[in-house]
Every structure is written in structure tokens, then in C-alpha cells.
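First chain A sits with chain B, and in the next complex the same chain sits with chain C.
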Partner chain A sequence: MATHGLRAANGYLAVVGALLIWLALLGPVLTLLGHLSWHAITSTLSAPGALDPLVISAESGTMTLAVLLLLGTPLAWALARGVLPWPRLWEAGVLASLLLPPLVIGLLLAFMVGPYTFVGGLLAHLHLSATNTMLALVIAQVYESAPYYVLGAQAAFAGVDYRLEEQASLLGDRPARVLRRVTVPLAAPGLAMALAVAWARAMGAFGAVVIVAYYPTGLPLQIWTSLQATGLTSALPYALVLLLVALPLPLAAYTWSARARSRRRG
Partner chain B sequence: MATMGVTRRRAMGTRATSGTMMRAAAVLAVLALAGCGGSNSSTASKPSGTANVAYAGSLTYLNTKIFGPAFTTATGYSYQGIGAGSDALSQEIAAGSIHPNIFQSVGADPIVALTPKFTTWYVRYAATSIVLAYNPSSKYASQLAAIGSGKKPIADLFTLLRQPGFKLGRTDPNLDPQGRSFILMLELAAMQYRFPLSDVNKILGVPAGAANLATAHSTQIFEETALDARLQAGQLDAASAYRSQAIQLHLHYITLPATINLGDFTMKDQYAKATLTLAGGVVKSGKPIVLNVTVVGKTDQAAANAFVAYLLSPSGRRLYSQGGYTLLTPTAFGTMSAIPASIRKELG
Partner chain C sequence: MLEADVEVDRRDFPVRARLAVAAGERLALFGPSGAGKTTLLEAIAGLIAPRRARITLGDRVLSSTERPATAVPPWQRRIGLLRQDPGLFPHLSVRGNLRYAGAPPEAEVRQIAVALGIDGLLDAMPARLSGGQAHRVALGRLLLARCDALLLDEPYTGLDASLRTTLTELVIGLVAQRGVPAILVAHELDQAQAFADRLAVLDRGAVLQEGAPGEVVLRPASQRVAELVGYGAFLPADVPGATTGVHPDRVLLGRHPDLGMVLAGVVTACTPSGARWQVRLATVGGQVTGRLAEPATAGQRLVITAIAPPVFGADGRAVSAEPLGDGAVA
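== the complex of A and B ==
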């Protein structure tokens, strides 16, 4: 009886604890909503060209995801399957880019892809530039979001039972078909989550972006320049736009992947 | 991230984990409480209190490396600072998102915007000028050096700057007084050296037809810190800079004539001939680049007053002189009676 009561009390405490942490995490968002007035939102967002940053962010975010899918997925798969020599070294590389403050990444990118560098020279031959261009913005976002995607996708691939892949091979499927019919579908919920996190990271990328791509102006930079030019009132509506635009995709991926997982377990 | 799903499932089930969660929640609550009160806690040194300075971004090096430590040694008060564009700081102080007790601004407008709620006076104490900092390994470096040393006329500089391949960097005129001053300097140069205003567009990398030089997009614009970093990384041929910055960061630079460099207080009528319309429609005319200081807010007034008094004292002024600033006789503006006595006695 006493144990039962204790267990119930513990359950309540767990919920209260979870609620406290949730509220603390949500604090900034709640504050944001508390400080926004309808008038500020409409007057800020109805100015001519006010929604350009939204378009820029959506475009660059989509390009960033495409790059991550194309280049990050094979790396994540190779890391998960242990087909690379010195796996710790590869992982350390991914972690290092996660560890570096985005601002530092931005400064290092300026050294790496600036106009008077080897890469910058190559780009110039192609009439491209990675300084204050859409390309620069995408590069900065890729660096800020790639580690999140690669580590998440690696975990997703690692969660796929390799015996299922072996059985498919034994039954005569070629590796490409095994990948398409077995590995990717089984890893899909995890991959979707990883991509969702990377998307959120890319949309909110600021530290590296402010150094290499002051122009074109996406949402995070717009928040910052509005804050500096005209103050908090005109900056906060953009924060709301960023939340509204960046949140649905990860939320949908989260819901879908949770459902897919529970279906598989059940 | 990698183990997110696993951890979550485990957390739902076991009692051990819920205990951990409780502890985490308690720690979080304590942190939140600590965050509410503790930011201005004083140190144990004899005069207690902190000079909490909001300063123009161009003062970052001087304040953090030289002036702040020297002030603490001289007076015993603690020093804390935040650097950003003067306009931005003014906005943040007005919005209550930062709570400094001293504000050092480039130009007086950012301080005047805070009157009478936060302050009713300010003191003008130093000046600097616009220079052109350059990259010593640029392919244009020898030409730039020749102009800098006077072997070639300064007019050649403006011809060089509009070469199609020349990579110039500057800051956002809508956010940063330096970005504005640089454009105003070019307008003054166009008048003095008689080159057409369309060449100013070319130099600034904005479309030939763009009437508004501040709002036209240009790939030359960088965040202030990024600009210096880029120049030092050798990724620009030249960049706008304050003379003080160029000296503190040991940059190569070209001094511009006083008639255009916005650094000479006696030429303010000449400077006012150049104007620039900002994104919000505000028109700014050329003004000498001066530093102003005031006390804002009510926290640690003794420390704040001591900071300003030290700034205007001979030892404080020496540090500014070494930092590449031109010293001006400290001159007060606004409500004189509101100026604390300890500061008033340092005025010229």
C-alpha cells in the first residue's frame, strides 16, 4: 500500500518536473508571444519587401537540405555500417564541426572560400562567388546544420537490423535494391527526424551567416538588423515568422516518425 | 541526437530517471532564480560597484584590453562592457533590454534619443576620422602605399577604388555610423576632386542608377567585426575604418585629407554639405566623428561617475591618445546642473 502511494507520488513528481523543464525551455517563446502586439506584426510585415527575408530563408533552407541529403546521407550510412577505415577519425571530424562556435566557422569560411583563396579562385573561374551571395548563405547553413543531420542519420542507419539486409541479399537482391527496399525504408523515420533537426538549424543559422553572407538577408539576419536599426518592436515579428515557418516541417517529421516507430513496435 | 529516441523511452519508465529529472528541474529553478538578481553583484574590492558600459563597437579593443583594466586598477571599481553599433545600443537601452550605467556613443544622436528619460546631458571628449585600411598583400598594395605616403596624389585613390576588380569592404550605412561616414566621405571627395557622383556608385558597388546609396544592395557590406577579420585574412583589397581602429589593430591605412575625413571639428560646415538618406527615410548629413559619454540608469552611480571622471582625467585621456583618437577639450551639453560634481570638475 505504502509502496503504491510512493509510486503514485513519484509519478506526479515526474510530471511536475517535466512541466517545469518544458516551461523553462518554452520561456523565450512565451515571452516572445507576450511582447508581440498585433499592430507591430502588421506594420512590420506589411512594409514593402518585408517578406523578402522569408523567401530567402525558405530558398536557402531548401537548397541546404538538398545538399545534406545528397552528401550527408552516404557519409552517415558509411559511418553506421563501419565501412570506412579509421571510423573514429571520421566521427571526430563531424563532431569538430559541431563543436566549433558558428561564429568561428564563419570566420574560417572567410579564410577558406574568400575571393583570394584557392577555392575562391576556382569559383571566380565559374563566375561564382562565396562572399555575400546565395551560395555563401547556403555554404554557411550547410556547415551549421550538417553535423546534426549526419549524426542523426548515422543513428537511424545503425538502428536498422543488418540481418534483414543480409537476408534480402541472400534472397538475391542486389546491394542497390537492398538499400532502396530494406535499409532506407527502415531508417526513414530516423532520417526524417535528422533532416527536420537540420532544417531547424539551417533556418536559424546566424553565427556563420553574419560573417560570410550579410547579403542576401534571410530571417535570422533580418531579426538582427531590424533590432539594430529600429529596435525590438520591429525585430520580434520576424522571430514569430521564423518560428511559424521553421516549425511545421520538424513537427510533422516528429509526428510521422513517432507513429512509424510505434506501428513497427506494435 | 543519436540516442534521442532511446533515452526518451527509458525516461518514461523507470523511477530512477524521474528522480534525476526532479534534480534537473531543481537545478534549473535555482539557475533561473540566480539569473534574476545576480548580474550586477559587486566584487570584494574596496569601493564596491561596477561600471557597466555600453560602448560604440569601434571602442571594443580599447575598452576591453586597455581602458577597462586601467580603470579598475586606478579606481578599484569593477568594469563590465557591451559593444555594438551606437544606434543599436540606444535602441536597446530605450527598450530596456540592456541596463548599462554608462553609454559611450559615436555622435550625439544616439544619446539625444534617450533624453530626458535616461539622461539629460553628455560630454564630448574625443574625435577620430575615416581612413582607408588596406591589405598589404593585395595586388593594388604598392599603388595604395604610394598614395598613402604622398608619392601619388590622393585623387588617384578614387580612380583606383572604382577599378572593376577592386574588392572594397564597408559596413551597413543603415546600422553603423562608420558605414554612413564612409559614403559621406566619398561624396565630399567627389565635390573636392570633381569626379561625377556616378563614380561614387561605382566605388560603392551599387547599380549606376541607384539614387539612394544607403538602401541599394551591395556585396561590399559586412558586419563590423567580420569586416576587420576579412581584411586581416587578406580577402579584401581595402576597407573603410576609423583611424583609431586602424592604429589599434595595426592595419596599413591611408590618411585622408581633413576636408573629407570627417575628423576635424573646425570643418563641420564643410562636412554638412554631404547628405545621405537612410532606409527609414531619415536624412543624415556629414558631421565630425566624435565620441560622447553620459551616465544612464540608476545602478551603481558612484562607479559610473568614477568611470566618466577617469575617462576625462589626464590618465584616461592619455589612453585615448595612444589608441589613435584625437583628444578634444571635454565639453558638456544639456542640463549642466544634472552633471555630477566629480565629472564637472574634469570639464575644460
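== the complex of A and C ==
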């Protein structure tokens, strides 16, 4: 009976603790909803060019995702399958952009891809620039979101039993077909979640962006400039727009991967 | 005919073996855990790269490190591998798994499913299957993939005995029907014997003995083989430097000098073992264990006969399989 009582007490404590942290984490979102007025939203967002930041963010975010998918997926697979020499070194490279403060990444990027650097010179040859351009915005977003995607995708690939890939191979599939028929479908729920988290990070990227890509102005920078120019209330509608753009993809990925997993359970 | 002459480097010891299995024949590779059995199968399947190899299946050369060097990739070998984990694709239904290789016609899928007793499960997802059902699906998938050889890596370890028997009989029937060579890896002797026409004993990467499943137990070629197939006691033999092996299942109660070596001693322990009693006996030559039909009590004096015990010379090799007469009598 004593054990039973202890368990019940622990259960209540866990529920209370979970509720507190849940409320605390959701608090900002609830506050946002509480402080928005319909009038402020319509007047802010109906101004000419008011929705430009949304378009900029959506465009750059899509390009960032494409870069991550194209370059991050093979790296994540190689890390998960242990095919790279000195794997710790590669992982350290991925972690570097996660552990460095975004503002510091921005500073270092300015020194790396700025107009008077070697990379900047190369880009200039191609009539490109990585300062205050869409390219700069995408680069900054890639640095801020890549580790979330690569680490998530690595975990997704690591979760696929390599013996299933061997079995597919013995059943006659070439490596590319094994990837298409076994590896990717099995890793898909995890890959989708990783991509969704990376999207949310890319949408919200600010620290590195503010230094190398002040223009073109995406949503986070618009929030910042509105705040600086006219105060909190005029920044809130943009905050709402940012949430509305950043969150649907993660939510969709979450529901889809949960359904994929439950389908597998039969 | 599957012929494999393989040498694989491992961290602990190299695995070197030469095997030949005829079409429709079943070979069991028996040996302790870590002896290199799975390594051999994986080299034959093309999953690991051997240091030196010549593997042929029918008239196809699958691996050759001699010139011209050949290494047919696993997806072109047409070799089926069953492991302890059935390895069903969890995102595909039973039908999807069965049709994985080459998309066989529905009628053929249904025919195999009926033969394996899984026709009612075609739309189920693998997560819903029991262990036995999952193994049947895995077997069906291999059959529909039309493999030219079958490799079984302790597939039914961990299943209950009756299910294991059913599945083993199913595989034996199918190997005969399809006329493909089959190799089973087992670390339990009875499983190896239940499956095989021929048994090879593997230890530390080397084949120590090959023969009929019964013969290897009755006439082990060396003391090490005897240890591996269950001989529990090695007593000094009449010849100086030689030892006699006593298998607990090859022991009779009473004095039968015409059948083997008579041993007398004092019972030190008696525990039930299946439907028999495992009796430990202290003899002049050392401790002997025998599984007897009747229980004994500790302290009791007992005379037993070890039936035709093998004798090993000082070098560990068998010198004679059937020494007769009184041995170390207390």
C-alpha cells in the first residue's frame, strides 16, 4: 500500500510539473493572442509593401530547405552509417554552427563571405554578392538551421536497421533502389520532422541575418525594425505572421510522421 | 553445387574454411558463439569482403581473389539469407514483403502463402505478426525471390521447441523440393542435427571436422571437437598420456564391459535434467557426469558404463574410437 501511495503522489507531482512547464512554454503564444487587436493587424498589414517580408522569408526559407535537403541529407546518411573517416571531426563541424551564438556566426560570415574576402571575390566574378542580398540571407539561414536538420536526419537514418538494407540488397536491389525502397521510406517520418524543425529555425533566423543580410528584409528583421521604429504593438502583427508561416510545416510533419508510425504498427 | 573456399580477416582470428554443398543438400555449421560461423555466411552472401576467396554457385563464380578477380555484388548473387530477426520491411504489408523481389504474380504469392499457412495475413503489417508468422513470411519472401542457395543464420533460435521443429521441417521440405544447397549455422547441436545431412564443426575460424550428424558426436576427431559436441569428462586412458572422453548421454547404469569402459565412483550430486537425472560421479580418474534414467542419492556408490568412449592421444587427436574393457575403476 505504501508503494501504491508513493506512486500516486509521484503521479500527481509529475502532472503538476508537466502542466507548469507546458503553460510556461506556451505562455508567449497565449500572450500574443491576448494582445493582438484586429484593428492593429489590418492597419499594419494593409500598408503598401507590408507583406513583402513574408514573401522574402518564404522564398529564402524554401531555398534554405532545398540546400539542406541536397547537401545535408547525404552528410546525415554518411554520419549515421559511419562511412566517413574521423566521424567525431565531422560531427564537430555540424555542432559548431549549433554551439556558436548566431550573432557570432554572422560576424564570422561577414569576414568569410564579405565583399573584400576571397569567397567574396569569387562571388563577384560570378556577379554575385553575399552581403545584403537574397544569397546572403539564404547563407545565414543555412548556418542557423543546418545542424537541426543534419542531426535530426542522422538520427532518422541511424534508426533504420542496416540489416533491412542488407536484406533488400540480397533480394536483388541495387544500392540506389535500397535507398529508395527501404532506407528513405523508413527514415521519412524522422526526416520530415528534422526538415520541419529546420524550417522553423530558418524562418526565425535573426542573429546571423541581422549582420550579413539586413536587406532584403524578412519577417524577423521586420519585427525588429518595427519594434525600433514604432514600438511593441506594431511589431506584434508581424510576430503573428511569422508564427503562422513557421508553424504549419512542423505541425503537418508531426501529424504525418505520427500517422506513418501508426500505419506501421498495423 | 555451392563451393566456398574463404579466408576472412577478423580482429580476433582469421576465419579460414572450405565448404562444398551439393544441390538439395543441407550442411550445418556447428560451433560455439564467436567461432566465425556468421562471418562465413556473410562472406558467401557477399556482405563482407574476404581477404582470399573462391566462391562458386553452380557455374557462376561469385567471388574470386585470384585473377581475374571477381566480386559479384549481393544483389546479383541470388542467395537467400535468413537470420534470427526475420528482417521484414516494417513499412510494407505481408503481401508487400512477399512481392518485394521481382513482383511475382498474385497467384504465385497466394500459392506460397497457402503452403506456408500465412494466406490469411496478406494485408497485415509485420508489427502485428507473431514470431513464427514473421519467420514464415520471411521464408516465403525468399522462396518467391527464387534464390539459388539458402543461408540460415540461427533463424529459429529463441522460438519455442515445437514451432522450431515445424519451421525446420518446412525448410527441409522446401530445400528438397527446390533442389538448392542450404547452409545452417547453429550453436546448439540438436538444432544442427535436426536440420542437416552433414555437419561441420567450426572453432576459432577453422573447420575441425566434417561428417554425418551422428558420426561427429560418436567419433570426434579431436578432444576439442569432443568438448564442443558435449563430452563433459576426459579421464586418463590405459595408454600413458592418452585421455578418454565421456559424453553424459552415452552412459549406461551398471557394468557392461562388452559395450565400453566401466567406471565406478561415489555420487556427489544428482539433479533432474529433462525426463532424466544428471548424476555427478567422483571416480579415480576425475569427475564424470551422466544423464541416467533413475535418480541416485549423494554418497551412493555407483557403477556405470561409458559406451564406446573415444580415446585421444597426447596431441588431442583421436587414436581409437572404440576402446573396450575396464577403465579407471575405483
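Assume the second predicted complex is superposed on the first by the 251 of 266 C-alpha atoms of A that agree within 3 Å, B and C clash if a C-alpha of one lies under 4 Å from a C-alpha of the other, contacts with A are read in each partner's own complex, and residues count from 1 in each chain.
We take it that a contact is a pair of C-beta atoms (placed from the backbone, for glycine too) under 8 Å apart; a residue touches a chain by one contact, two chains touch by 3 or more.
Not measured: the values here are computed from a predicted model.
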Are chain B and chain C a fit on chain A, or do they clash, once the structures share the same frame?
fit
Does chain B (first) or chain C (second) touch A:264, or do both, or does neither?
second
Here's one for you: vertex at chain A, rays to chain B and chain C, all C-alpha centres; what's the angle to the nearest 10 degrees?
150
Name the contact category of A:81: first (chain B only), second (chain C only), both, or neither.
neither
Regarding the shared-chain residue A:170, is it in contact with chain B (first), chain C (second), both, or neither?
second
For A:154, is the partner it touches chain B (first), chain C (second), both, or none of the two (neither)?
first
Figure out whether A:20 sits in contact with chain B (first) or chain C (second), or with both, or with neither.
first
By how many Å are the closest C-alpha atoms of chain B and chain C apart after the superposition?
17
Set intersection of chain A contacts, chain C complex versus chain B complex:
none
Quick one: in the complex, what on chain A touches chain C?
161, 163-164, 166-174, 181-182, 185-186, 260, 263-266
Listed in rising order, chain C residues that touch chain A in their complex are 45, 47, 73-81, 83, 85, 87, 89-91, 100-102, 124-128, 141, 145
Flag every residue of chain A that touches chain B in the complex, lowest number first.
7, 10-11, 13-14, 16-18, 20-21, 24, 106-107, 110-111, 114-117, 120, 129, 131-133, 148, 151-152, 154-155, 158, 190, 193-194, 197, 210-212, 214-215, 225, 227-233, 261
Can you check the complex and tell me which residues of chain B touch chain A?
1-5, 15, 18-19, 21-22, 24-25, 28-29, 32, 84-85, 87-88, 91-92, 94-95, 97, 167, 172, 174-175, 217-223, 226, 229-230, 233-235, 279-280
